[in-house]
Amino acid sequence: MFSLTVRDRMMVAHSLADPFFGAAQRLHGATYVVELTLWADRLDQHGVVADLGVVASGLRAVLAGLELRNLDDEPSLAGVLTTTEVLAREVADRCAARLAVGPHVTEVEAVLRESDVAWASYRRPAREA
Amino acid sequence: MFSLTVRDRMMVAHSLADPFFGAAQRLHGATYVVELTLWADRLDQHGVVADLGVVASGLRAVLAGLELRNLDDEPSLAGVLTTTEVLAREVADRCAARLAVGPHVTEVEAVLRESDVAWASYRRPAREA
Amino acid sequence: MFSLTVRDRMMVAHSLADPFFGAAQRLHGATYVVELTLWADRLDQHGVVADLGVVASGLRAVLAGLELRNLDDEPSLAGVLTTTEVLAREVADRCAARLAVGPHVTEVEAVLRESDVAWASYRRPAREA
Amino acid sequence: MFSLTVRDRMMVAHSLADPFFGAAQRLHGATYVVELTLWADRLDQHGVVADLGVVASGLRAVLAGLELRNLDDEPSLAGVLTTTEVLAREVADRCAARLAVGPHVTEVEAVLRESDVAWASYRRPAREA
Amino acid sequence: MFSLTVRDRMMVAHSLADPFFGAAQRLHGATYVVELTLWADRLDQHGVVADLGVVASGLRAVLAGLELRNLDDEPSLAGVLTTTEVLAREVADRCAARLAVGPHVTEVEAVLRESDVAWASYRRPAREA
Amino acid sequence: MFSLTVRDRMMVAHSLADPFFGAAQRLHGATYVVELTLWADRLDQHGVVADLGVVASGLRAVLAGLELRNLDDEPSLAGVLTTTEVLAREVADRCAARLAVGPHVTEVEAVLRESDVAWASYRRPAREA
């Protein structure tokens, strides 16, 4: 099994409107350091999982659609509780949809690091079934 | 598949009483930077794998029961060769027992980093079968 | 010259209301990983720059007064453009005021890492002249 | 499942002779920070996945056979497009062949970090079928 | 004293043609993770040491002029022994020349990390005397 | 001003026999990730602050004289309260004595990281006055 990972980052505001989250119900924010990994059973004809530049650009485009915003006002996330886990899924889903990965790529994973001591991830098939 | 990870640390003394370990048979010590991960197939009703604060507190409590001690004299580890691998299992087992994770949490993993260049991990089911 | 450093973190929302900042004029947020350093010409009678636990608690208290908030609405920062540099000074000033460091401590420095690729710092005398 | 990881590094020159790689077709170079992981279902009689010193020495020997060279002129890599993915497989294969791991070790993985923002990995059975 | 730092990276080949360097006389390569810091006595009217985006773009432009090349063939480095220290000075000098920093910026520093265990830096006045 | 840094590590047991240190009066231990920096006003005839290999070997030798030991029983530290600050000075002093640095090297600094969230340093002239 091969993998390829690129790292980027986004800075957002949001609140978690559920008493479960205590002080995090208040409007606050986060820098998410994001690691996007593609998993593949084999390499393509160029000896790679995917074109590193294309993957980095795709992740950049996905993060550009979220960063420097208040996620509470983001139409594409209306009604979504934007926990780190949910945002990890959102980033993984958007990257999977945007990247035209070859059939040898089996899974996509996003890790979102909200600080040096806490992070969450979501791993999914590279394509819808 | 989702995951949630928190990081904490503990400082202990110990020795590895087996000629296999060479100089590490002598009493020495380590800082273990510990990463506890919970793995889940889905998120709970709050959109999380688990309450981050509860997981961090649970890990803290487990490490508080081991840190700033000589593990050679620790009753709960009597007769145990406290390699990094064994301590990773110990931490994972104690966290699994302490944390009341929901049924959507499938596995628990502890990574113990003994330095910037060496670490070990243990991953296990979230509950006993 | 000796130094002692502790690391902690805070998550905040804010906006930078000056056209100079482009998209960062929008409400967004950041995780600041904070490193507080005390500099000293010599060690105290306990062989330390300062009590590590006291320094860590002091930094925690200062960050607790800022974190999980929208800094745009924070009374103690009214009218302040909360750039990373300004927040570094704010954290350093508050820690200097709170920590009862001995006379051997000469300077206090705060580094605020807004991501893995950007950070700012402020270093100042440990006491007002 | 247990794991044990050691980290080392190598500095090499190479070029990627395929128009697919754009500017990386030019002769350039990289520092690869390498993490070698052994995975095991259980621990051996010493309470470890493997002897940490032996694993570190084995990885060192493998990297010593590649580092401080131009990989384009390396006989053992003749005709190989030395992408990070391919080098990860090469390092994993060579380590698997060199390390006399016990039967409880099931898999070997090499992660090659080409920078702070990009890396690749290869994971394989510990022994040939 | 304030500082602002941005991080970027470049991948190059080179050789060190002096018997002093042993095996590093051979053509090899490195990833340099570069941290460029500006030091300032005070902040400008926007509350910053400098425009973070401008500094990041300036560093990118400087690194783009060196990366993905064999430095042995780089005309602007002809006759230069490209040790990490020398490259740190080169990057700092080029950034100082390129960035139109305000008079409150007093010094420029470049740190070049050639691996996780070795790095060098050069710090100089922000302007020629 | 130039600098050159190498990183290494040591694992030790010790206790801090002073009520000031609370629970750290008990025998415990630490991994110290050590960064040794040499500072120089200019480079030598080889374009370096010092021979990286020589510096790394010198640090290794100094750490080998301390690691995998209980520092409470270490004759060379008899009567010494081995705080992180004191050990940073000890490592810096021993490295300054061992390394035959050229006259262009002005200062030596040791940073000892006791965990991911706490560290101390000591910086001194490269030679006795």
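Just so it is clear, A, B, C, D, E and F label the chains in written order, and each chain counts residues from 1 on its own.
Keep in mind that, in the parts below, a contact is a pair of C-beta atoms (placed from the backbone, for glycine too) under 8 Å apart; a residue touches a chain by one contact, two chains touch by 3 or more.
This is a predicted model, so every value here is computed, not measured.
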For this session: Look at the interfaces A-D and D-E and say which one is made up of more C-beta pairs in contact.
Result: D-E
Exercise. Looking at CA centres, what chain is most distant from chain A?
Worked result: F
Problem set entry | Cα-centroid distance, chain C relative to chain F, in whole angstrom | 27
Problem set entry | Geometric centre distance via CA averages, chain D-chain C, whole Å | 40
Exercise. Which residues belonging to chain C are in contact with no fewer than two other chains?
Worked result: 7, 116-117
For this session: Enumerate the contact residues on chain C facing chain E in the complex.
Result: 18, 20-22, 81, 83-86, 88-89, 116-124
Problem set entry | chain A residues touching chain C - in the complex, by the definition given at the top | 7, 9, 11-14, 23-24, 26-33, 67-70, 114-117
Exercise. Contact residues on chain C for chain F in the complex?
Worked result: 1-8, 43, 46-49, 51-53, 56
